[in-house]
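What follows is a set of notes on a single structure, which appears directly below.
We call the chains A, B, C, D and E, going by the order they appear; numbering starts again at 1 in every chain.
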Amino acid sequence: AGKLERLTLSGPFAAVSFPLIHMVDSGALKDVAETVEFVPWKDPDQLRVLAIDGKGKVDFIAMPSNVAANLYNRGVKLRLINISTWGVLWLVSRDKSLKTLEDFQGKEVLMPFRADMPDIVFQTLADKAGLDPKKNFRLRYVGTPLDAMQLLIARQADHALLSEPAVSMALRKTKSFPVSVIAPELHRSVDLQQEWGRLLKRETRIPQAGIAAMGQALADPALIERFQQAYAASLKWCEARPEECGALVAKRVDMLTPEGVADSVRADNTAFVPAHEAKPELEFFFAQLQARQPALIGGKLPDDGFYHAPKK
Amino acid sequence: MTLLRAWLTGIPAYLWSGWGAIASLFLLLAAWEGASAVHGALILPDPGTVFATLAGLVDSGAAWPELAVTARRAATGLALAIAAGSTLGMLAGISMTASMMSRPLVTVLLGTPPIAWLVLAMLWFGASDGTPVFTVFIACFPVIFVGALQGTRTLDGHLREVATVYRLPLRMKLFDLYLPHVVSYLFPAWITALGTSWKVVVMAELLSSADGVGAALAVSRSHLDTAATLAWIAAVVLTLLTVEYLLLEPVKRELEGWRRQETEGGAA
Amino acid sequence: MTLLRAWLTGIPAYLWSGWGAIASLFLLLAAWEGASAVHGALILPDPGTVFATLAGLVDSGAAWPELAVTARRAATGLALAIAAGSTLGMLAGISMTASMMSRPLVTVLLGTPPIAWLVLAMLWFGASDGTPVFTVFIACFPVIFVGALQGTRTLDGHLREVATVYRLPLRMKLFDLYLPHVVSYLFPAWITALGTSWKVVVMAELLSSADGVGAALAVSRSHLDTAATLAWIAAVVLTLLTVEYLLLEPVKRELEGWRRQETEGGAA
Amino acid sequence: MTRALAIHGLGHAYALRTVLEDIDLELPAGRTVALVGPSGCGKTTLLHLCAGLLTVQKGTLENGFLRPAVMFQQPRLLPWKTTRDNIALGLKALGVPAGERLARAGAVGRSVGLDELALGQFPHALSGGMQSRAALARALALAPDLLLMDEPFSALDIGLKSQLHRLLLEHQAAHGLAVLMITHDLMEAVRLADTLLVMAAEPGRIVHRVELATPARRRGDAEVYQTTARLLQHPAVCASFGLEPPAPAENGTGGCTVLPLHGDSDAGCAAPALRKKGFSC
Amino acid sequence: MTRALAIHGLGHAYALRTVLEDIDLELPAGRTVALVGPSGCGKTTLLHLCAGLLTVQKGTLENGFLRPAVMFQQPRLLPWKTTRDNIALGLKALGVPAGERLARAGAVGRSVGLDELALGQFPHALSGGMQSRAALARALALAPDLLLMDEPFSALDIGLKSQLHRLLLEHQAAHGLAVLMITHDLMEAVRLADTLLVMAAEPGRIVHRVELATPARRRGDAEVYQTTARLLQHPAVCASFGLEPPAPAENGTGGCTVLPLHGDSDAGCAAPALRKKGFSC
């Protein structure tokens, strides 16, 4: 097949996107397209604009798995091709001694993004632990992870549910001048992935984010295959060289620091799993979300057309 | 009392003259429908869907509590801004020095992005109503202040001389001399502030709060539920239109009655 | 030309009378210093640190390009809003029907949270200047429109009769009759809009842009670098104060010269 | 249409209150009609109707003049324009270029006694009389063919008044100007007008009409005085102004009193009657 | 301080332009001073100085009256208050309770010929003369001890004028009111004033002073007429108004002309001189 003119990758500033950035930077897909570019999306509005079909602007887009299902159920033409992020949710706390969800009973926990996936996961887990999320915790919702971090650092709050790379950024900040002078250390406390495994009696991982194919890529299984390989390679590269990956990402994304990204790469739970293989776990995950907040996945479980399966 | 009476008696005549307003709202709906057809439902659902969603929200009882919370915050912030802005603005208008001193502060208030306040507001007011109320106040106060200031300074010097000669006490100067004139400057400021207050309170809730329309908006936004998002926005705008046309306009008509008659007499 | 001359000749007298303004800015700095001492540098760095950071940004050359980009966007949006708002507002003020029809649209514009537009703006204008410019326009237009509308409607009926009798053509009606009166209503609206434009453009850039002060602000915020955040905000506010006091005020003094003399003559 | 103002059966009401009823009036080019009547009887209303500022509700009004100018009861100068620019307003509306316009405005301004300084000032810095002269100049500057004037000289001193009377008559002789003027000064009306209409109030109507045969420019002081005196003898006029006509037996010259200067006679003049009920204090 | 207005060597300048120079004036309680002079000579400025609206720049001004009231040259009614409320303005400032205040305002309003309807209307619906009567009523309602009036009767018809003259004299007799009034009507000045001051322009100064011995209420028409005629003979007065004094040989009575009604004589009156240079058109 002829070379494509342009290939557009897109993703949020989170772990799923690091391989995408590496792919663009290293020229991994040079043989496929003349230009390969990375377009970040920062909020749901931008995502919506990128996701409208027919425009064919974006080919591969990284997003949380539930958002992909949501868009699919709303009629956007996309297919999930892989899941790479299996756990980025942590409780960050000033108190070293808190080990499990139960330990946080009666405490005020900052929660960015009300009714979004992390909130629902937290509630589900709390429920399984026999706790009422509304009664046994004092959940304080804030607008963005940034606000939560600011409140933590300003000692206005002691615990927060954060995701990578915000966790690493916050931890780095509190150890570095001048912040650490005032704010005592924060700790990476409960790992929600572990709790997921413990309380739901499953593997200790949650299929949180991955890549969806759209536009011209949808009709081109070869392109998807090529992308999958490159992505898996880049993911491996990042895992192997956190420092280099951090430098690379921070160069492109002003908002992240190299150390923060590196820490985040070390901490997060990545594994390249093609969508059809992840399907059972995804369906379980979606079912949990649907039970509490159907709107998160667009009201229903996505049908089979959602999961990309390579032709054997 | 007079205001209340005026409010009640003003309504029928008012509704009658409101056809133009309604017509233009329908034009707006038509434009929306058109844009929706072009862009598709994910970007911009059509008005029918949105109003159906809104009706659903209202029926399920989900809408009223959120609207009430938001309205309370907007109204509190607005009331504070109107009281402080009108009074301080008029006082600053009477004294040249006060006006010189207050102007740059107003500019600073006007031009500082809310980001700068938000952290402080969260610190001072925590998760209470304080933060959105404060944000509304900060956003509306300068608008009203500037209007009151300008209105006071443009009062006809001849009438000011009358006040001097007839030795009006400060209270009368404010209420019998300045206010009736300044009101014509305050009204556009109040209308602007009313609109601003709703917009700002929603944005502030969106950023910082657990309840209210803004929070609901944030949720539906993160769920990519465009119809619900627009339904909430429609609810806000409809409330705003109601407040403006049922409350502010009749009051305006009453307070500016002398002016209306003047125009009619002059041009009839 | 006359405006330019007025601008130049007005400056010295103007600076002299600006002491009050400067004094109150220093008061503000003192309050900031105090608050910073209470809350600690992490939440609110003191003015010294912030201005040092700002000086660093300026020295390193990082500040100017961002400020230039932001200024270009704010100025474009504001200019469009002033042109459209003043003209349409005055036309609506002249015609009762137009005023009835436009009012609810203005309320809708005023009260709709930017969230509702943002998607459409991004879709229409992409990542270009279009989005922030459009956002500024939407935020400033209604403010100016309402001011112009009210100003036009409060023109003394007697003077309107003079215009009829002396058969002023529409152009003269606008520029010789309405505008000089309306200007006194437009000025507070322009001041408000100027402040709003800077605030809004920064917020829009914060959400949607890769460059400009807003984007820089987003970066320094995500690094939890409060000093840099405040330095950027200080840069915006200082620019705003400069524009207002070096440009808008002298123009205002010139355009309202007849009024100033009146006051002096009447009360000297 | 002929160059004339023709009014037939004209009436006007503000809301439910009738202020003018059954007015008939003819004003051909080159003539002057003076309107006198008690305060509040509707003179200004009639003038505004002629100027087209009020819509005709009853009767007919035909205005065949091409370039009317109005001088209002209040000066109504635009406060943001200098006196010169105010005077030039009508010329600007006609599209006269700036240089010529300002020169002509200056000339007309000087002709009503405004000096360079006054022409350069804003209206608020003018005295009352100067403002009303500026308003007059604004009307004259247009070189109108119909001049509607509402108490044009009432704010002026005796010297200026007579100067401006002469100016007006000259202007009229030169341009064939038609003038409709309202005044409270009967003598002024008799001096300047060809036709004098006396109005009465509630509702405003014309109760007396005097045609003066001698052209105004050749009218002598004696004639002016005698006509005024005769006018004041007329019962309708006395009634309209709320004056008691003195008993004819007591006074040789007769006529109602008030302006008592109708002779050297020191005849006892009756005090004017109270015009309104409840007139106390 | 005695209840009197005492002015010595008063001067005033707007910016660099001197409009008043060396004014001396005494106004004790119960007396009336009338100020006449050409338009723009500074009469209103002097009145505003007396009212305390302008700061004294030169000379001294002592005002010992407790409750002055001012009637301005323009009505200056508050457009957002009904006529009645406008009249009651000064009373409200004094803290008179609403009921009494409105009743008193109504009574004063009626005494100047405003009916109930007019009292309930906003000022813009009043005729010019009604507005100036409302302004007069506003001043009178205060029951002032000093009344400063700027051309109070110039917008009124002859009937109302003489009624209000009587009203003013009655008021003065009853309350011992001091009055400083500006007028362009010499006869009115002579009729009402105890002292008559004639001003000249550029700079405004007092050029002639007439003391009238007979109390105003007992002043007969003949006396009024003769004094006016005498006044117009005075060269300073003629010069001030820009009138040419007729050659004494030609005219028996002498005096400058303009108000030619100074007798039945139809003596040829010289045309008034042009007051300003460049008087053309």
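The rule is short, and it goes like this: a residue touches a chain if its C-beta (ideal position, glycine included) is under 8 Å from a C-beta of that chain, and two chains touch if they have at least 3 such contacts.
No experiment lies behind these values; they were computed from the predicted model shown.
Farthest from chain D in terms of Cα centroid separation is A.
Of all residue numbers seen at the chain D-chain E contact, over half occur in both copies; the interface is built from largely matching residues.
Centroids of chain B and chain C (each the mean of its C-alpha atoms) stand 19 Å apart.
If you average the Cα atoms of chain C and of chain D, the two centres end up 50 Å apart. Centroids built from CA atoms put chain E at 22 Å from chain D. Multi-chain contact residues, meaning those touching two or more other chains, occur in chain C at positions 43, 115, 119, 123, 157-158, 161, 221, 259, 262, 265-267. Residues of chain E found to touch two or more other chains are 14, 53, 74, 124-125. Within chain A, the positions touching two or more other chains are listed as 43, 45, 48-49, 52, 150, 154. Of all residues in chain A, only 42-43, 45-46, 48-49, 52, 146, 149-150, 153-154, 169, 173, 178-179, 182-183, 254-257 touch chain C in the complex they form. Residue ranges of chain D in contact with chain C, taken from their complex: 48, 51-53, 68-70, 72, 74, 76, 78-81, 89-90, 92-93, 122, 124-125, 138, 142. Residue ranges on chain B touching chain C, taken from their complex, read 17-18, 20-25, 28, 35, 39, 43-44, 97, 100-116, 119-120, 123, 142-143, 146-147, 149-150, 154, 157-158, 160-161, 184-185, 187-189, 191-192, 194-196, 198-199, 202-203, 206, 214, 217, 221, 229-230, 233, 236-237, 240-241, 244-245, 259, 262-263, 265-267. Against chain D, in their complex, chain C makes its touches with residues 158-159, 161-162, 164-169, 172, 176-177, 180-181, 258-259, 261-262, 265-266. Residue ranges on chain A touching chain B, taken from their complex, read 43-45, 47-49, 51-52, 54, 67, 70-71, 74-76, 113-116, 140-144, 147, 150-151, 154, 156, 293, 295-296, 298.
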